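Below you will find the structure I want to go over with you.
Letters A, B, C, D, E and F name the chains as they come in the text, with residue numbers starting at 1 for each one.
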Amino acid sequence: MMGMKSDIRLIDDNGLRIDGRLPNQLRPIKMEVGVVKRADGSAYIEWGGNKIIAAVYGPREAYPKHVQESDRAIVRARYNMAAFSVDERKRPGPDRRSVELSKVISEALTSAIFVEKFPRTAIDVYIEVLQADAGTRVAGITVASLALADAGIPMRDLIVGCAAGKVDDVVVLDLNKEEDNFGQADVPMAILPRTGEIALLQMDGDLTYDELTNAMEMAMDAAKKIYNMEIETLKAKYGGDVNEQ
Amino acid sequence: MSSKFTEGVVAESKRSYIHKLASEGTRIDGRDFDEVRPIKIKTGFIQRADGSALVELGDTKVLVGVKIEPGEPFPDTPDMGIMTTNVELVPLASPTFEPGPPSEEAIELARVVDRGIRESHTIDMEKLVIEEGEKVWVVFIDMHVLDYHGNLFDACGIAALAALNNATVPAERFGFGDDFKLPIMHYPVPVTFAKIGEWIVADPNLDEESIASARLTVTTNEEEKVNAMQKGLFGTFTYEEVKKSINRSMSIGKQVRKIILGDENGKEN
Amino acid sequence: MMGMKSDIRLIDDNGLRIDGRLPNQLRPIKMEVGVVKRADGSAYIEWGGNKIIAAVYGPREAYPKHVQESDRAIVRARYNMAAFSVDERKRPGPDRRSVELSKVISEALTSAIFVEKFPRTAIDVYIEVLQADAGTRVAGITVASLALADAGIPMRDLIVGCAAGKVDDVVVLDLNKEEDNFGQADVPMAILPRTGEIALLQMDGDLTYDELTNAMEMAMDAAKKIYNMEIETLKAKYGGDVNEQ
Amino acid sequence: MSSKFTEGVVAESKRSYIHKLASEGTRIDGRDFDEVRPIKIKTGFIQRADGSALVELGDTKVLVGVKIEPGEPFPDTPDMGIMTTNVELVPLASPTFEPGPPSEEAIELARVVDRGIRESHTIDMEKLVIEEGEKVWVVFIDMHVLDYHGNLFDACGIAALAALNNATVPAERFGFGDDFKLPIMHYPVPVTFAKIGEWIVADPNLDEESIASARLTVTTNEEEKVNAMQKGLFGTFTYEEVKKSINRSMSIGKQVRKIILGDENGKEN
Amino acid sequence: MMGMKSDIRLIDDNGLRIDGRLPNQLRPIKMEVGVVKRADGSAYIEWGGNKIIAAVYGPREAYPKHVQESDRAIVRARYNMAAFSVDERKRPGPDRRSVELSKVISEALTSAIFVEKFPRTAIDVYIEVLQADAGTRVAGITVASLALADAGIPMRDLIVGCAAGKVDDVVVLDLNKEEDNFGQADVPMAILPRTGEIALLQMDGDLTYDELTNAMEMAMDAAKKIYNMEIETLKAKYGGDVNEQ
Amino acid sequence: MSSKFTEGVVAESKRSYIHKLASEGTRIDGRDFDEVRPIKIKTGFIQRADGSALVELGDTKVLVGVKIEPGEPFPDTPDMGIMTTNVELVPLASPTFEPGPPSEEAIELARVVDRGIRESHTIDMEKLVIEEGEKVWVVFIDMHVLDYHGNLFDACGIAALAALNNATVPAERFGFGDDFKLPIMHYPVPVTFAKIGEWIVADPNLDEESIASARLTVTTNEEEKVNAMQKGLFGTFTYEEVKKSINRSMSIGKQVRKIILGDENGKEN
């Protein structure tokens, strides 16, 4: 939750953040594909303290039948947090937050996939948050995009998630857990980097127009860096022509 | 019942028609792109609630009831009241709504309205403490959709704000002193846009919603601060489109806010 | 719940009730049809402090298929209370009481509808109690009947709900909330007024045979008045030949 | 399995046959219209329960167990015990019962039995207070249907009353003094009628239930007070039919009450 | 739960158990078949303080269709405890324990039934524990076997359940409730007596190899006695050739 | 998707092949009958948990996180901590796992792992009391299956033990003194066998599991005590087969235990 009260100073006198980062600096990110052998495609990401795994099954027959669409595949992302992923043990199973995130992630992924190629099928994307450290939805959409690529699902572009926000009245990139808890705003986004299209956009908090556009631009710039990491990760497994799939 | 096939054909021809109108600068119900449907607000409709508002946004009709009861604070916010929001998409309101536990649509809607209110600090939560760490006021915002003709995000957001603005904390009933008006600090108003082809229209009606490629809700307050955004559907927006939508939301929100407050003031005086 | 103990006197020295009514007097009733544009038929009723809306969808294909009846329509009433309709906020969703009421209302409505004209279909009747003030089931069945008429569903007769009961040892018509809480018996009924048939009948409390028959007769008499209001309401919208549909 | 088609035909011919019998004043199992099936009651069958009764009403078999445990009173009745009723239509008892949460039939049944007991003040709830406002006895009445051959309303109502009449409050086990017999003030007995064509028969069996157009349960007590009524199914009753049924319920109920009390007294002495 | 601490001595100086039994002595057992007229087959057992009823429906069409197996019947046992069957009232409905027991009982019964004779069908076995006194799963499987025979379901053999365990460091047969609560181990088994095959085997506690094999042998020996009771019970109803069915 | 028919044929030919290999003393992946797949253990993988282990058993991958929080003891064991186990067969791990409430497979699995730990007195529950009868430590063992290639019983049992052995009671975080290592008294290891024709192999992989007629899990500890057994599937075992499996479990368990403890010691030193 944004806006919990606290005496914590989130930006120090040198303009550095609680974890030593500059305002527009990302946390360390590590990616890997092909981590779930049973799946059609999969990937793993460590992003700051986040540890998230994604797997893709499909395109496969959509079941139950009434969910099928005659002219396209349906994309069903399921965002789920492990019971041990957060400080206080979370009851297993979906809650309202995970239902909403599953929905917006499904919609964002759909925008990138050539769903019209696979009528009547389902593309199931399972995102398991093993350890959570703020920004799980944007990390989750990023790792899901890698898993889709690993599964050979044709896409207009890879999709990249990234967030920016405001803490101690400063616009910053990629909030960590303390910044998320005690900050003033969070703007999670997902981008198709080639065209700059925005596939996911949420926001909560309290931002002026200028702060909000600053934050969005910061996130979109960073998204390009993350995009390059995605490309490199896929190249490392599949060789050079990843970008052309 | 029309067959699925027929539905497809009808939808397709409706889509073309709406696109054509948009290219001519108009809409299926004759509105301008930034024109919201007529808004009617009836506050205090449910006397048994502590605040309520029946809102019509065009033909869309939403009833919000606010109940305020004592409860325990969350351990990490012992000095603040609690608010919860819930949306019931009851099957009375549309042939597409089904009985049963809340759908993902209902959950998203409730959460977007919730964030619009919560993150804007609409309610002064610090004034809702009865005994710090022990007892606080819990504000239940229940939204009951009664007729669905498009754009529930705005209808629910407007109705929730109007109902909160209408609400009294029933302290006396529970033996905690005198009743007092629920302390409202801000007036955040959501404005939702639908992308239709290359055009973006405000307050989409049911037809427009059914063919929109993308949806964007921007909630802004009386200080022109942005408190919440939510993008939906399978399409995308360009950055330019988002920036314009934020600006449009501020100016449309201002008009809507006048209607919400005007009504309430009218009632109060 | 009947029979809560209390020092409240429900009948005063003049034989008047707590809200000033005579024993056999109805609370004020207001009706309106066509209030939900999205539905095939709808109606709204204010009955004392009750505010109830009903909408009808159908006859439409019954789903799931195994609920279909080959020789008739099934009538599915769903009685639901809004969270804010009662003094203490009610958790949304069906409880045991609403399941039972939905069942007996469905059965009662079925008795009035020419269900054999629409095999394999469902006629869905949604009753939303927006504000509750005792007698919601009989008000609900009354407004449902109007919504069915508004939807053009062919019926043998309009159906009218009305209750009577006993408070402070006096048989009274149409109990209000205090009378319901602290009274001695409640007898909700639904009638087909033309034939006098009883389509819904429940009772709880403690009544002698004479008290019970008095109460039933009182409710049946009042039902005729409410029937006339139903006819007038429909006439106001549809013109003169409502009774002949 | 017979096909749905065959079932329809069978049902139709059975319907004609039962109607024909009724027109001749008799029933498929030879009973008079007001004759209930033989009743057998075995109380104390479940030693681990605080009261229990295994009841056979013809071939219909119901086991009711009563458990009594300390609990918190409801805030609005601090000086009264609590009772709850539950019916399990376990699939063991009939091919038409399915596993899963209680069906609407089970809920209606439980609630009608509940009202019959509650509204008649069968249990002296004021004697079930351990400490006012803090601790009272909670009486759980659990009905387990073991063989379903029609008329569960009466079988469950009889078994519940017999089990309550057999129950002891286990005060000692919980350290609240001496055990005592559950205080019973009234003996309400439900009698259910089925309308078959123009005839109305008491205690319908499975065949009769399957073709009845309407059902009426009338619960009366030993003072000839009516405590509960419940009409069911798609048909209707005339006012005359209802009045007659109430009278018939009183006289049939009297016989059944003797069987319930006789058995219990037999056991006690 | 095994291993609750207690000062209770479960074996006295004469080597007798708390209910007077010898270590290898069964509790009294009574059986009856044909107790649920509505079912295709049924049986009732009293075993110590256990009172358990079982009924069989089928072979009948398996529903929903996707559970059907094209080459065999599925056997669906449902173990359920009545709310009043245990000391503290049990909430109705399945819990994790009853789900597990239903599964292992289903599997054990399947091993005895000629399931390949009834493709696409279900054989439903409902086991209702009316009063519980330790050993309900083995008593349940025994009474289920009788109900299957009563339903005329062809089986390779009747199936017999029996348990042994350890209390006060002594290996004993057929634990009662106190022994179950305060004992050291429990080994429930189900046997096909003709061949000695083991169809159900669970164990929890703390046993050496020798203790465990002693316990298993004790249970298997007793199973033969119970088997004879089963045969006698069926003979009493069906005459002499039960064993040959 | 392959059709059900094709699947049947494939399964049948795989069955024959695996049986033939077994008759020659070998297995589809070349292992001996008593050879378990390679085991890799990474403890402390989830820093936010109080103990954790990521375990690979061949291609099967399980992540167990242990959380330890204060809670109320059960009334009948006021002087002991509490443990609970839960398995999530998340659909990420296999095309055969479905979202939703735990399947009966997941429940059986969790309960068998639970008994293996509980009945062996793995955790010294008496050391987990904060205030007798009031507050104790609750140990939540959550098992998240990440890649399913057969034999979850052993993979989960090993991972649970490794995670417990890695766990610290976070007393400081809750203001109850210094953190301390979760007290472990025993090291029970499950070994699962599959019956394939007349042969019995340890640690079945996915192919073997799919054609096995019966399954037996035997959990033994470092004192060669048996703590849990669970037989599964539709086939049967002879008594001789069971006895042999118990012996084999003890000797295989010993090797596995070394891997579990070796890893942990490696990490600690």
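We adopt the following convention: a residue touches a chain if its C-beta (ideal position, glycine included) is under 8 Å from a C-beta of that chain, and two chains touch if they have at least 3 such contacts.
Please read these numbers as outputs of a predicted model, since none were measured by experiment.
Give the chains in contact with both chain E and chain F, ordered by label.
Chains touching both chain E and chain F: none.
Which contact partners do chain B and chain C have in common?
For chain B paired with chain C, there are no chains in contact with each.
So, comparing C-alpha centroids, which chain is the farthest one from chain A?
Centroid comparison gives D as the farthest chain from chain A.
Chain D to chain F: how many Å between their CA centres?
Each chain's C-alpha centroid was found; their separation is 49 Å.
Using mean CA coordinates as chain centres, what's the chain D-chain E distance in Å?
Inter-chain centre distance comes to 32 Å.
I'd like the Å distance between the centres of chain B and chain E, where a centre is the mean of that chain's Cα atoms.
Each chain's C-alpha centroid was found; their separation is 58 Å.
What parts of chain B, by residue number, touch at least two of the other chains?
In chain B, nothing touches at least two other chains.
Among the residues of chain A, pick out those that touch two or more other chains and give their numbers.
Chain A, residues with two or more chain partners: not present.
Put in order round the ring, from chain C and then through chain D, what are the chains?
In ring order from chain C, with chain D immediately after, the list is C, D, E, F, A, B.
Name, in rising order, each residue of chain C that touches chain D in their complex.
2-5, 70, 96-97, 99-100, 102-104, 107, 110-111, 185, 187, 192, 196-209, 212-213, 216-217, 220
List the residues on chain B that touch chain A in their complex, please.
Of all residues in chain B, those touching chain A are 4, 8, 76-77, 104-105, 107-108, 110-111, 115, 118-121, 216, 224-239, 242-243, 246-247, 250.
Give every residue of chain B touching chain C within the complex, in rising order.
1, 45-49, 52, 59, 61, 63, 65-67, 69, 86, 88, 90-95, 99, 101, 140, 142, 144, 146-149
Over in the complex, which chain E residues touch chain D? Could you list them?
Those in contact with chain D are residues 35-39, 42, 49, 51, 53-55, 57, 60-61, 78, 80, 82-89, 92-93, 124, 126-128, 130-133.
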